[in-house]
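Both complexes below contain chain A, partnered by chain B and then by chain C.
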Partner chain A sequence: MSLEPPDLVTVAPDGRPPEEQPRWRQAFPIDEPQDDYRFRRHFARFLLLTSLAFVVGQAWIVLLSVLSRTRGKPPVQDVAGVAELPVGRAKLFAYPRPGDACVLVRVSHEQFVAFGQQCTHLSCPVIPKPAEGKFHCPCHEGVFDLYTGQPLAGPPRRTLPRITLDIRGGRIYATGVQQEVL
Partner chain B sequence: MNRSPFARSQRMTILPGIVCLIAVIVILQLWLFTATMEAYLGGDHVIVVPAALASLACLGLNAGLVRYLRALDR
Partner chain C sequence: MPVPEAQEFFIDPARCIGCNACVQACTECDTHKGYAMIQLDYIDHASSPQTVPVVCMHCQSPTCAEVCPADAIKRTSDGVVQTARKPRCIACNNCVLACPFGVPKMHTEMRLMMKCDMCYDRTSVGKKPMCASVCPSQALYFGTRTEIEKLRPNSRPINTFSFGAQMITTKVNMLVPKQAAATHLDVIAALHESTIGNSIEDDLLLAGMEATHEP
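Let's turn to the complex of A and B:
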């Protein structure tokens, strides 16, 4: 009978005593339970790092939120002349920053609408279809209402950001971005 | 010399329990992160700071559990 404390006895994977193990295992004994214990302990540390990564991600969202608030009011930008856009036609423009694609649509003689062009699902560009009264996203068959920007079909759940417009002196100006809070 | 108050067999029972707890908290953080991102992209900025604080609390809890695991070995 062994007098060693059970915690210090090396156990092979097959559970047989050391003297019954093959020679190579006797030469390189690996304590299987201890190995398993260390692996799980290291896995716990890995999970802690993952937890830290999520906190960094949350901090990143806070930073984006703060930056978007301090950016201030968007500028007033000349988009197009009323006469240059026939009914049922659309014009692409960038607003409020150079990379932010938007689309202006003339839906009737008096009415213009403008929305951000990025689909709220996975940012594919939406295509205006004034005859059907909708914006269509070809990537995943998302459909938005042409007048309100609300999602009608497909995977998108958020409305398209609306660009507020001001028409004066025969010109159409973009004056701001409205994002509907869910 | 191992000075842990627990035998190895006992520690082998405690450890998976703690790892499961940590994993559940990490999954909670994943859910919190996706929900916050969804709310932020939907224009709701109110939830951003409380969610970040909740995630930080989860990290603190996880750090405490990992510290307990280290204490088990001493």
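Let's turn to the complex of A and C:
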């Protein structure tokens, strides 16, 4: 295996030397040794760029976690009154930002749970099934536990982000997000 | 291992007896997957049993590889144009249509163009190609230039062809009479000769070609 490209054997149809040929001829040589050389070069470039992309990706993850730490505590938000939600019913709300869909479920007379509504597989909205004690994602038949948010069946592998709740004076407040760290 | 440079392929169409032994032998070559990559073409089937064996001429500037959109046809350092690379070939038939000699064979069931590769498994280890090893009249000969000069004192090898405006230099040689003044062979010349019993005007396509050739 040499580092220099092998000599060309094939003559271009116009008969001119390789230096005068268009660039695509160098990229797609007819000679097998030249082709192998080009393929090796392309493969080495692919490896280099792919590993570079992985390095950048790692740095990006670190940056994101640092940013989320400096962002401060999420706000406290009034979600619903205890009286307006019967047992076995759910209520949608947005928390901590306006676009983040979450679902609040009253599982018993005293107990409320709230989770982010996006399935951890491909971000479809999950549907609470309090009678069966689970969340169901209809896209790919993903199932999460109603009480812990842990994946029970289907493609999801990560737990749903839990919204911590605080009940004061007959009202339910969302106070934070417990996200599973990757 | 490359094919030795001294070993060359010579075709002497005048000696072909049309026995099809080469076609049968070709199917038995390990690189051809049981298919014959050689064929016998009748020069004028109606009036003569004369046949010509057609093998790949292994052009210096292979038209099949030039027209390949998938970069699949490659030529090894010894000048042998190989069968299309299986992972690359898209079975588009461009090479089949472009080859001046009509050599590439398309196998749509395999999605692969296969062509005469001079029995690369044999010639690269110093053996003769299948067809040349069985030809009873030695119309197909594989050997050195000195050997062919001794065997055919009245012939000389020629490896330049014209195909319309295209000039082709090949690795494979065609034997022509020694006295012939020809410097190259015109691949499509036979198309313009009228065949016995048929007027050239019968063929609309050829008539059109004739018209464009005349000033």
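Note that in this section the second predicted complex is superposed on the first by the 141 of 182 C-alpha atoms of A that agree within 3 Å, B and C clash if a C-alpha of one lies under 4 Å from a C-alpha of the other, contacts with A are read in each partner's own complex, and residues count from 1 in each chain.
We adopt the following convention: contacts are C-beta pairs under 8 Å (C-beta built on N, C-alpha and C of every residue); 3 or more make two chains touch, one makes a residue touch a chain.
Note that the structure is predicted; figures quoted are calculated from it, not measured.
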{"item": "Of chain C and chain B, partner touching more chain A residues", "value": "B"}
{"item": "Partner chain(s) touched by A:153 [first = chain B, second = chain C, both, neither]", "value": "neither"}
{"item": "Touching partner for A:179 - first (chain B), second (chain C), both, neither", "value": "first"}
{"item": "Partner chain(s) touched by A:61 [first = chain B, second = chain C, both, neither]", "value": "first"}
{"item": "Touched partner set for A:69, first chain B, second chain C, both or neither", "value": "first"}
{"item": "Which superposed partner A:30 touches (first chain B, second chain C, both, neither)", "value": "second"}
{"item": "Contacts of A:122 with chain B and chain C, given as first, second, both or neither", "value": "neither"}
{"item": "Partner chain(s) touched by A:87 [first = chain B, second = chain C, both, neither]", "value": "neither"}
{"item": "Chain B versus chain C as contact partner of A:12, first or second or both or neither", "value": "second"}
{"item": "First, second, both or neither for A:50, with chain B first and chain C second", "value": "first"}
{"item": "Overlap of chain C and chain B interfaces on chain A (superposed complexes)", "value": "6, 33"}
{"item": "For the chain B and chain A complex, residues of the former touching the latter", "value": "2, 7-9, 11-12, 15-16, 18-19, 22-23, 25-26, 29-30, 32-33, 36-37, 39-45, 48-49, 51-52, 55-56, 58-59, 62-63, 65-66, 69, 73"}
{"item": "Residues on chain A engaged by chain B in the complex (per definition of touch)", "value": "6-8, 33-34, 36-37, 40-41, 43-45, 47-48, 50-52, 54-55, 57-59, 61-62, 64-65, 68-69, 120, 158, 179-182"}
{"item": "Interface residues, chain A side, partner chain C - complex", "value": "6, 9-13, 15, 28, 30-33, 35"}
{"item": "Chain A contact footprint on chain C (complex, rising order)", "value": "60-63, 65-66, 71, 73-77, 79, 82, 166, 169"}
